[in-house]
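Worksheet: one structure, shown below.
We call the chains A, B and C, going by the order they appear; numbering starts again at 1 in every chain.
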C-alpha cells in the first residue's frame, strides 16, 4: 500500500520530466532522423533512400563547411579553456569574500543580454567605423580605418566570448574544492610551477575542464548568429546551412540529414573527449 | 520580395505560431506580413472601426512559407507573400485557398496590377493573390561611385573593392544574370538553359567575392553599413535607398541599366484560415487610398491602391521620381511565378558561392 | 653560525597587520632531533612552520638549514619536506605515483624510482601498495604514505603539521609510538607542531612551548613537566592546580605562601624578583598531592580541602575539591591507599614543597 503510493508519487514527479524528454527531445529527433532518409521523387511522393547523405559527401561545400565548423569549434573550445583557466583560478583561489562574488557576477553580466546583443556589441567595436578602428587611428598606429570584422578571427572572438562563462563556472566549481595544501605539497616535494600545474592542478580540475569543454564545444558547434553576423561573406557555418535548407530552401529532407550529421559529430567529439581524458560522463556531469 | 527586412528569429516564432491558435473571445485577425505593411496607426483605426483584434507576425517570404508549410496552412488568417512565390509553393505544399474576388473591392485597385497578379497567381483556373504593395530591387550608391556603378555587375569593379555589399539570395542571381546580358525569366521553363545561366552567374559571383565586404542579411545591417560609409555601393531595395536619401542626399537609389527587378506583394489566404471574413475586411480596409498612403509612408513602398499617390509624403514622391524616369519604369523586370525545382538549383549555386574562398 | 644544527633560526618575525604571529623566535635543532612545537591554536605555530617550509617569508630574521641561509630559497628548492595536517596526498595519483612524485622531480630514473618506492613502503609497513589509490586506504595507512612520500626524498628536515589530528584516539596513540620509531629509524630531524601536549611529550626530544608568537620555554619533556619556566607552561603542560596567595617568607629558593583562607603552604621559587608581601601563585600537580591524616611526612606541607565530587577514570581517577573557593584536583590512587570520600567531607592534602612551583602573580 505504502510502497505503491510512493511509487505513484515518484511517477507523478517524473512525468513532467519524461514528457519533456519524450515530446521535446526524443520525438523531434526521431522525426528528423526519419525525414533525413526520405527522398522527394516528385512533388507529392516520397521514397526512402540515402540521397541526402550522398549529397553531403558529393557536394564539397557541405562537408567542407562541416569540417571547417568542427575544426573551428575545437579551436574555439581550446582557446576558451586557455582564457578561462586563469580567470577561474583567480576567482576560485585568489579572490576573497566580496570581490569573489563581484568577479563571478562580472562574468555573468554579459549573459543578461541576448546573443544578438552581445554580437552587435562586438560588431560596434570591431567594424571599420567602430571604436577599435578609431582608437588605433587616434593613437596614430594606422593611417586609415581598419576593418576587423568579417573574418575568422572576429568569429572566434565572438564565439570565445559567448562560451567563456560556461567554461569559467565548472572550472571555478572544481578549483574551489581543491585543498590549498595540494598545491603546496606539489611545490614542497620539489615541483616547479609548470609541474604543479601539469601534475597536480590539471588532473584535479579535469572533470571541470572536460565538462566545460563539452558545453562550450556544443554551444559553439550549434551557434548561429555569431558566425553569420561577425563572419560576413566567409562565415560558412554548418548550422547556417541547416537553417538555409529548412527555412530558405524548403528542403527539409536535406536539412534533416545535415542535422543528423551534426548530432553525430557532436556526440562523437564528446565521446572522444571523454575517452582521451579518461573521464566518464557521470563523473563530469555529477 | 526577398530583398527586404528579415527576422532571424524564425524558428522561435514558428513554435509560437503553431501553438497560439486563436481561442480568444474577441474576434481576431492573425496577420503574417512584412515590417511596415501594418503600421500601428492603421491597425488602431481598423480595430476601432471593426472591433477585430489584429495580431501581427513580422516575416519574409521564406519564413512565411516555412511556417505555413509546417502547419499545413494554419496559424494565420492572412498572409502577404510575393506574387511570384505563390503558385509553385501552392502546387507543392497546398497552403493557400483561392481568392473570392467578389469579396474584394477591386474598384479601389489599379486594374493593370490586379490583372497581372490574377494571372501570375493562377492555378487550376483560380487565382490565389490580391495585389497590395509593390517595389523594386536595384542599386543604392554613394555619389562618389555613382559613375562607376550603374549596373549590378559593376559591383565587381576594382574601383569599389571592399566597399560593396549584396545579399546571397535569388534576386542577386536574377540581377546579375540580366546585367550579364541573359534573361533568366525567359529560361524559367527550360531547366537546362536556366542551369547554364546559373552556372555563369555562379562563376561571376565567386570571382566577385573578393570585392564584397560582407553579404548583408538584414535591412538594419545594410542601412548601417551604408550610413557609416563602410559600404558605398550595394544591391538592395528602393525603399531603403529612399530612406537613406532622406538622411543623406549623397546616397541614392538607382535603377540599374539592365533594369530594376520589380515585385508585387499580395494578400493570400492560408488554407486553414479561421477568420476569412476579417481577412477580406482587412484587404478592403487597407487598400483605401488614404490608408494605403499611410502604408507607403511607413514602408517606403507604393501600393496597388488607386489614387493613393496624392496622399503620400512629398519627399517620398520626389525620391521616387529621381530614381525612375519613364524609361526606367518601362525597363522594370517583373518577376514571373517561379516554377518548382528552380529554387533548389539556385540554392546550390548560393551555397557554393558562400563556401567558395 | 651553528653549523652542526640541522635547523637554526634567529629573530624570526612575521607580522599580519599589526599583530606578530611569529614574534622574535630563535631556535636551534641539532641533527637527528625530534623537535616539537607545542601551543594552543592561534599561537603562531603553523605560521612558523610555513616560514620553515618556505610558503611564507619572515619579515625579519634568518632561517638556516645546515648552515645555508634559506630565506630566499623557494619551497621546491629547500631540503625540507612537509607532512600536511590533512596529508594532501594527490588524489589523482596512485600511492606509488604519490611517493614517486618527488623522485621524478629529481630526475631519478624509473627503475631506480620503483626500487626506492618499494623500499620506503616496506619501511613504513605498507609493502606492495604501490597501485592503490590513496582514497582506498585507512587513515593510518594514508598517514604512512604521506610520511613515505617525504622520507623517500631523504630531507634534512621533515616538518609535520599536526598530522595525527584527524585520527581517532586509539590509532593516534599507536601512531605516536610508530612516528617516534620511524624518526629513529630514518634518523631524520623532525619538526612537529601540535596543540596536544601528550603527543609532544611522548615523541619529542625537545619541546618548545609557544604562546602568542613567542617561545615560553624550550626543554626536554621531562624538564618541561618538572620545571616549567612560566605559569603558562605549568598550566599547559600536564594538569596543574593553581593556588593564589601572598608571599610570607623567602629562603633557600623556597617560598612560604599564605593562601587566601589563611593556611600557609610552601613551594619552590620558579622566578627571581619576588619579595615578601607580593602576590604569588603556587602550582602543584594533582599527582603530587597525597591524602594524609594529622601526621605529616617530614618537610611536607598541607592544606585543608572540601570534597566536591570524585571522578572515576581507572588509573586517571581524580577527586575534585575546593580550598577557600579555589578548585583543587588530586589524583585518586586505585591501589587501596585512598580513603573513601563522600561529598562535603573535609580532607587534608599534603605535598613535597620541592614539587610545587611558585610564580609571581600576573606573570602569565
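Points worth noting:
As a convention for this text, contacts are C-beta pairs under 8 Å (C-beta built on N, C-alpha and C of every residue); 3 or more make two chains touch, one makes a residue touch a chain.
Keep in mind that this is a model prediction, so the values were computed, not measured.
The chain with its C-alpha centre at the largest distance from the centre of chain A is C. Centrality by C-alpha centroid: the chain sitting nearest the overall protein C-alpha mean is A.
Centre-to-centre separation of chain A and chain C, using mean CA positions: 56 Å.
Chain centres here are Cα averages; for chain A and chain B they lie 36 Å apart. Averaged C-alpha coordinates give centres for chain B and chain C that are 90 Å from one another. Residue positions of chain C touching 2 or more other chains: none.
Against chain C, in their complex, chain A makes its touches with residues 179, 181-182, 184-192, 195, 199-200, 203-204, 206. By the touch criterion stated above, chain B contacts chain A in their complex at residues 8, 10-11, 62-63, 65-66, 69, 89, 91-93, 162, 169, 209, 212-215, 217, 221, 228-230, 340, 343-344, 347-348, 350-352, 354-357.
Contact residues of chain A toward chain B in the complex are 43, 59-62, 64-65, 116, 127-129, 147, 149-150, 225, 228-229, 232-236, 241, 243-251.
Within the complex, the chain C residues that touch chain A are 53-55, 74-77, 80-82, 84-86, 88, 90-93, 101-102, 105-106, 149-150, 153.
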